[in-house]
Amino acid sequence: MSAVNIWERMLNIDRRWIFLGIGIVSIVPFFINFGMPVRTTIEVESIYDYVDELGSENAIFISFDFAPGTQAENMPMAVAVMRHAFYNDVPVFMTANWPLHHGMMLAAMEYVFNPTTEGFYQDIDFDDWRELREAGVTAKGDLVDAWESQGNQLPDGAMGWVFEGRDYAALGYAPVFNLVILGMTISIETQYPIDAHENALGEMPMLQEHKSLREVDLTLTCSGSAACEWWITYAREKIGMPVAFGVTAVSATDYFPYLQTGQVIGQMGGLRGAAEYEVLLAENGITSSTDKAFTGMDVQSVAHILIILLIIMGNIAFFAGGFHKKALLKEGR
Amino acid sequence: MYETIGIWVGAIFTLAIYSFLYKENSIYRLAEHLVVGISAGYGMAITYQITIKPRLVDPLLSGDHWILLIPGILGLLYITRFIPRISWMSRYPIGFYMGTAMGVGFPLTMKARVLRQLEGAMVPLYQSGMAWYEVTGNVVMILGTLAALIYFFFSKPHKGLFFGTGSKIGIWVIMVGFGATFGFTVMGRISLLIGRIQYLLGDWLHVIE
Amino acid sequence: MKRTVPLMIVMVGGILMILQYFIPHQISQTVLAYYTDWAPIILAFALVLGVGSLTRIHSHKIRRKAKNWQYSYAVLIPLFGMPILAHIWPASLSGGMDSPSIFHFLFMHVQVPIQATMFSLLAFYIASAAFRAFRAKSALATLLLLAAVVVMLGQVPIGELFGRWLPETGLWILRYPNLAAKRAIMLGVGFGMLATNLKIIFGVERNWLGGAGK
Amino acid sequence: MRKNWIGIPALMILLLLPALSVARGDDEILTPVAEEQLAEPDPGLDVSGTVTVQDKDNDAGDLLLVSFELPADTEGIFAYNVYRRVAGEEGEGSWNLVEIIPADGLSEFIDGYDPEYPIASGVLYEYRIASATVDGEEFFGPECEAGVVSKGEIYHTGKTKIFIASILFIGLIFYYFGKAQKGIEMYMRPIAGIEAIDEAIGRATEMGKPVLYVPGISSIADVATIASLTILGRVAKKIALYQTPLIVPNRDPIVFTVAEEVVKQAYLEAGRPDAYDPDSVFFVTTSQFAYVAAVNGIMMREKPATNFYLGMFYAESLLLAETGSLSGAIQIAGTDAVTQLPFFITTCDYTLIGEELYAASAYLGREPKQIGALKGQDACKAIIMTFITVALIFGVIDVVANTHILDWFRDLVTSPIVD
């Protein structure tokens, strides 16, 4: 077998080997953690710093504007900011702009509240603390004291209590969502008389303190499409509401102009953006460790390296085999 | 129980699609045909439920929105397509849709794709506090835009100093842009795979968190 | 009647909607309101054409016993089954939040995973495309390759091992030359769109009527 | 650069823009008729003074610009609650809370955005403003009748630049339409992709395999789709002559019907109406990835010799093109989707980039007016390039001489983000 033949065979490699390679390098890092450091960028730090400044008198919106297809990128962003807010007792309103995205919101809550998740938050149903609420105990500190004095104990491993209606409200999906945003600039309650669990919003202490988007300090839109622009058009441009983007890597470049003009306070781009937020949370002790996005970055590193190796090999074979002088190769498999 | 069966079915169909990577096969073929049927059927159901029923049928039945008969009839004209003798009538709704869509699009395109882009290309080269690479970047951006525009010039041959060199630089800039976009997209595409692996290994097999 | 009237509809509709943009008066807003009300209704009916075509081609296959004809049942049964099921459980149209039903099941556990998986095939294809296409055959191809590699390495943590300059260079390419290329294409495309809009409104481009040219 | 004279009048028109926007002026400000009613001064909080109402510019007569005098003493005021009612109505129940303004110095807002309490054109309203404490306790200021009613305008002054640019564009296109109609020959540089199309069809014929034509996945209102359908007409005509099988899967039902007509017509024009197979053009599904699954399946089963992807594409571009190259087909792509072009460029044998797709369709359409339109587009590009060049020069002057002419020049084309 001549040397040229080896190069030729390399160039005409059955692409199923490439598929197999990508498959393997994408699975392995889930079992072996490399934990390669992720450097944080100013775009993500500015969201982190902004949220970090907030306290229980503030409130934020997290909008789930993504479908299961881009879940791997968008979900960790929402989860990370949710945790950050809960840690600082910032009330969180959660919305979704499409029926399918409503399911994503529920999945995020299930993850953060699930006792098997590391650093979970113990969720208290709206109905379970009705008595305390009706007795007028609504401030977070008092509420926790009163709740614990009733004999409730924080489970092992939990980061803290979250009270539905005090710390979060799952508003979910409402039709024609761009108009819903517009309506919420006036009143949240008229758009969502009840939340996804059919609790009356009017009874929620967090709503009484934050009646419209004007009284909310930030919206994070985790978006797999151009829906994030709705928040700019209908909330930022109309009432000057601060908006942060959590978008997929593919659309991240499109939104740099918004950052430049200050219409967006910060942006998490793709899995990397989410990983950066996780790193910031872990570094500041808000979570004990990083999460899915950070693990995913190992996959990214390895997969990128594999692709670059493939490109280099392809070029070596191409030149070493002298194909740059020759006619076209026959097509692969 | 419902959820468990659901995840099993979903996982099986996920693998069915991945089997296409190895070879086109009968399981992929089944998944392919099923998803075509289901999605088209879902489209029909959802179109009726979110458009035709609340926007046409309900208002008409309530009795005082007779004006909606116009779009209703116009819409029904599509169906004349199945009757060859009067199939030309289906051009009416298409015409309505085409005309209005073109009209709505015209000023918006002028604003977003022309004026806004022109505005973006007219940036100051230097402002105090800019690093050297930002200044060179601005120069590259402006000259690059000009060169790439020359490439899209159709009424002159690409010869001579201005059009020849210009269009050559233009295609270089375009290629660098394409390379960068390609490279940048890789991360997003790998993330999609990560999502499916989390579904298969996590939700289905529970071997990872 | 067959050609002139549709062309008239296009011209009137087009000019009306262009003018509408520049007029804030309530009459103009009423026109826009009617348009936004009517357009989705008219458009919704077009789906019937698609379903008609799908039904015809697959029933043809079954009747002729063409190659792979058995699979056509996998299209036709859910095609009509889904709307019927949706009618039986009308509340289950939204994904995820409603009570279990067959409609919901088929959507959530067949359509959604298949679509997400199709989408994720891109991870494999982008790798094989990179392997086959990125060859330094010419100066142009080399530029494409280098830009791609620099941006790719700049994205991931491992790229930082090469030093800080790599991600910064990647970002620089994205922000300047990439923007220049995209902007030039956008401008050209923008003018092309505008010209086509005009050509259709004024009846110069009429192949949508069916049949190219006259 | 003979055509560059066009830039001069264009420049002049655009130079007039700032003059226009200055001359526009403001609507006459009507002095409010403040009807001091017996406002009971409460000891709690100081209240705001008179309310001034103006009609807002460029609206449909459904917005009012409301401003008020801030109270002298803002101590303890958390927000201002603005109430409105139709003038002449009586009773406490007639007041509607239309706006809550946080007390941070702002004393102006636009009323009428609230869908619950819209402003009707030509109706006279009354306003009153309450200073509210953190607990929501309210102290009412005077009731004031708005001196004006809201009315709609005939022309949106904020859109003048877009209007002028549109007129300029339409004028240029029609100028070249006229030239084309007079039969004046116009030079057009060749586009390599067009020859590639012919070659690719030839190859399919030699191999006796079908040709796959994907007209993009967007609607008929998408310009790329329209360009693609024109090219489909030419491709189908060639194919009809060679009697090669043709496969055209569609994602949009309307595009499907038009494509069907186009292909039928092409077979007719080629004199082969009998060779037309009604099953060759078909609809698949509106769902993006279900459509891709089906087309990929077709590619691997039917193994077409040539694949055309012309039109608007999204993420499926690479899925289609890689599967196509896997099946060994020659591939020709063309799209105006900037984000998808890199994938077609790297995987296809020939790619029409952006505007080249439209140009190719104009060539193949073989109508003089189509070429005329292309000429008009080029003239517009020349104008744009002139603008960018002048901006570049001004930018240099700004840096050297420390002036600010670029800002002024840039303002000529800047349009506000919100209408």
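Note that the chains take the letters A, B, C and D in the order they are written out, and that residue 1 is the start of every chain.
Note that in this section a residue touches a chain if its C-beta (ideal position, glycine included) is under 8 Å from a C-beta of that chain, and two chains touch if they have at least 3 such contacts.
Please read all numbers here as calculations on a predicted model, not as lab measurements.
Q: Among all the other chains, which ones are in touch with both chain A and chain C?
A: Expected: B, D.
Q: Taking CA centroids for every chain, report which one is farthest away from chain C.
A: The most remote chain is A.
Q: Between B-D and C-D, flag the pair that has more C-beta pairs in contact.
A: Greater number of contacting C-beta pairs: C-D.
Q: Based only on mean CA positions, could you tell me how far chain C sits from chain D in angstrom?
A: Once rounded, the distance between the two centres reads 16 Å.
Q: Nearest whole angstrom, what separates the Cα centre of chain B from the Cα centre of chain C?
A: Their C-alpha centroids are separated by 4 Å.
Q: CA centre of chain A versus CA centre of chain B: separation in Å?
A: Those two chain centres are 23 Å apart.
Q: Do you know which chain A residues sit against two or more other chains?
A: Chain A, residues with two or more chain partners: 15, 19, 22, 26, 68-69, 249-250, 253, 272, 300, 303-304, 307, 332.
Q: Could you pull out the residues of chain B that touch at least 2 other chains?
A: Correct list: 17, 20-21, 29, 31-33, 35-36, 38-40, 42-43, 50, 81, 90, 94, 97-98, 102, 105-107, 110, 114, 118, 120-121, 142-143, 145, 149, 152, 174-175, 178-179, 181-182, 184-187, 189-190, 192-193, 195.
Q: Going through chain C residue by residue, note those that touch at least 2 other chains and give them in order.
A: 18, 21-22, 43, 46-51, 54, 68, 93, 108, 111-116, 118-119, 121-124, 126, 128, 130, 132, 134, 144-145, 148-149, 152, 155-156, 174-175, 178, 182, 185-189, 191, 193-194, 196-198, 200, 208-210
Q: Across the complex, what residues on chain B touch chain D?
A: Residue positions touching the partner: 17, 20, 24, 28-29, 31-33, 35-36, 38-40, 42-43, 81, 90, 94, 97-98, 101-102, 105-107, 110-111, 114-116, 118-119, 121-126, 142-143, 145-146, 149-150, 152-158, 162, 174-175, 178-179, 181-182, 185.
Q: What does chain D use to touch chain C in their complex?
A: Residues in contact with chain C: 58-62, 121, 152-156, 159, 162-163, 166, 169-170, 173, 177, 220, 223, 226-227, 229-230, 233-234, 237, 250, 252-254, 256-258, 260-262, 264-266, 268-269, 279, 282-290, 292-293, 301, 315, 318-319, 321-323, 325, 336, 338, 341, 343, 345-347, 353-355, 357-359, 365-367, 369-370, 373-374, 376-377, 380-381, 384.
Q: What does chain D use to touch chain A in their complex?
A: 100, 102, 113-116, 315, 325-326, 328, 339, 417-418
Q: Which positions of chain C touch chain B when the two form their complex?
A: Listed in rising order, the residues of chain C that touch chain B are 1-3, 5-7, 9-18, 20-22, 35, 37-52, 54, 68, 71-72, 74-83, 85-87, 90, 93, 100, 103, 105-124, 126, 130, 139-141, 143-152, 155-156, 168, 170, 172-191, 193-194, 196-198, 200-201, 208-210.
Q: Tell me, which parts of chain B touch chain A in their complex?
A: 21-22, 50, 120, 181, 184-195, 197-198, 201, 208-209
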